[in-house]
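Labels run A, B and C following the written order; every chain starts at residue 1.
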């Protein structure tokens, strides 16, 4: 029972620390900004056409004419990395958007309603989670066929359960909070309690998860393409580029796969850092 | 009169990076073999004072100045391991949440037995532990000795802690809100046990509480804290019947008590200071008798009688006023 | 007396907890007349919070009836209850947890006005802020940025914003500092006069109850054991438990020495309710007849207690079964 003076340590007097963006947020945002600039530049004024082959300039090393060199078909690697930025970020955003919205809503419903809805949702989640995400996405694209839309669907299905679980757990503990009872007692219908009162206080873990999912889905999309089950060549996509260039590494033409690979690494890194930053910023405040 | 057991002078504690100290020149004298009350509202610094004396300040808080002499030793300057020894033997402590003060992985019997061993009196600590459980009136002590803290109620855990204090027999017991959150019937029993503990061991008890009823019934002396400092320090009778500081008077005038009704209509809307006052008196923001001079420099506790300290520049002028006028619950004009 | 505004009839509430049945309420009956303040006191585990939550229908009682203004709402569904919620409100003990931490005061106070379609919400907002004596400067803040007293005033304002007729106050002063407790009580009384409110005031703190309640009910282990006018209960407590409870309150006057009445054993568990008088196992005065359920005995006008000792007053005056 909280009686006055019941708090073990008075909070009064603790200096209010100004919340500033941490190092990880700055680095993460910085990398993301670079990728976005690359994409915008590639979309508006690409140095070369990313699809234009040129038999005369096959496998040129990085140099003044081609900053990242050219690939087996003489296409400009920089232009292809730029074009890939657009496609990969779009895939990541779609995957994250779909799994976030679906996962959070289903999780909130299961957590708040409980009962049989909760049971059904949990069983489905368990089934999906019993496959490794990548293997599941692999199976789905193998069945649905490989188009950009199917790649998005496949990866989103694999990541939705994480959002369901996180949100369900948060809502489950929040709905027992006094303010949830207060919201009901004041006359709120259930949908308002969940959407306006509970979710805003439960969303941070899902936001962190969303940032991580952005990174992971880029990794998965490239992985699928690398294996030939994702985006089809010659579409400029990082995984496709790494895959096409893989054979050249042995013969010493490292640039064809290292630059798109670097782009993947940086993108994943930036979203992981951002996730960490979101978590740090919204750490329970008092 | 015996010399006091603990003398705290100018204890100042601040959080790193915060220029305003949370405890500002706190002075306290805890008489030997008696109950001393430390009363104040949340944020007044009463718990912080207790923690500073025990060397258990929260992270970021540091003792900036002052001293606390217990049996000739300055607690604030003891090396950590020596302070730990003092805490285990010379100073005991009881907190508001007794369960968190007990080891969750050890039966309470074993914990008391360990305290008995530390006290160094008994050859058979387990047997002594049972005797102690009986002494703090825990029903079915044999079974309860085998229980873990989470299996006992809050009141029971507080009894276990008292039993441990009986084993260790410290000279000073610091009890921070020991009965807050307990039911009144349980509170009454715990306080009675503590009375017995004090009589039996002759220890001094520093009782930190927000409950003036608990303070009035148990303490011989009381210090009132407000905004990180002591504003009045007096024998209990004096403090309750002739409060000198306007804040103490306010507490007494607006006391919601069970033994007789209080005229609620006389309570003015709570004028509460939003901003802490600057260099001056810490109560200036709420004081009905504030004047310009109160704001300019710090007001420290000064003796107004041999045993009575008040931190108010105008205490002499205010002395003849009635309690309500001094407290500000009734204006001067209405009173005349 | 006219028909009561709220009537609780023989309410029981049970729920399962780790395989055991908790009997939180065991046949509680009470009435609250319009404009009255009825106090409900008892210690932890007596069922007072369960009763509060049942009355505002955050819980569904196991059996018994709840009537507001003559209408039985015991089994109403959530949709129908929403209309009742305009009239019946609750203030929780700790505003720190009862107010949504991420909402501003403005949003918290506007919500009930919008939900219950109160006309000119902005005007009512500033009016209610005035009524609870808060400055307009708090509107932009969140609960965490207010003092304890201000927070509870916001919680009260949120409850009374849509002009309810009945407010359950569940330990409203337990979380605020002693120096503002009196001013909060004064505020509650002022609001009652100005808004014509009816209160059910729930507390473990008898000193608070004494200052605001017209009538008092004492609960023990899910049952009402004594009820009467506040002064009557304080002056002539009839049930042994009430006497024990009153004698346990510390008196803030060093000149007064009270004598505490003993209580036996440990606080009870609502999973194992004794037969007969629920206080029997802890009562020093318990006798054989206490094992049978005790009827209420009249000990004064409107004052009755379910205790054999209430039948024969200490003065020798005989009470009669009510």
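Just so we're on the same page, a residue touches a chain if its C-beta (ideal position, glycine included) is under 8 Å from a C-beta of that chain, and two chains touch if they have at least 3 such contacts.
Source: prediction; values computed, not measured.
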Chains most often in contact, by C-beta pairs: B-C
Farthest-lying chain, centroid of Cα atoms versus that of subunit C: A
Approximate Å spacing (C-alpha centroids) for the pair subunit B, subunit C: 31
Approximate Å spacing (C-alpha centroids) for the pair subunit A, subunit B: 53
For subunit C, residues that touch 2 or more chains besides their own: 44, 148, 177-178, 204
Of all residues in subunit B, the ones touching two or more other chains: 41-42, 210
Junction residues of subunit A - those touching two or more other chains: 1-6
Subunit C contact footprint on subunit A (complex, rising order): 1-6, 177-179, 181-190, 197, 200-201, 285-286
Interfacial residue positions of subunit B with respect to subunit C in the complex: 41-42, 139, 153, 155-156, 183-189, 191-192, 210-217, 236-237, 240-241, 247, 250-251, 254-259, 261-262, 264-265, 267-270, 272
Parts of subunit C lying in touch with subunit B, wherever the complex brings them together: 43-44, 133, 147-149, 173, 177-183, 185-187, 189, 204, 206-208, 210-212, 234, 244-246, 248-256, 258, 260, 263, 265-267
For the subunit C and subunit A complex, residues of the former touching the latter: 44, 53, 56, 58, 78-79, 82, 85-86, 89-90, 92-94, 96-103, 111-112, 115-116, 144, 148, 155, 158-159, 162, 174-178, 204
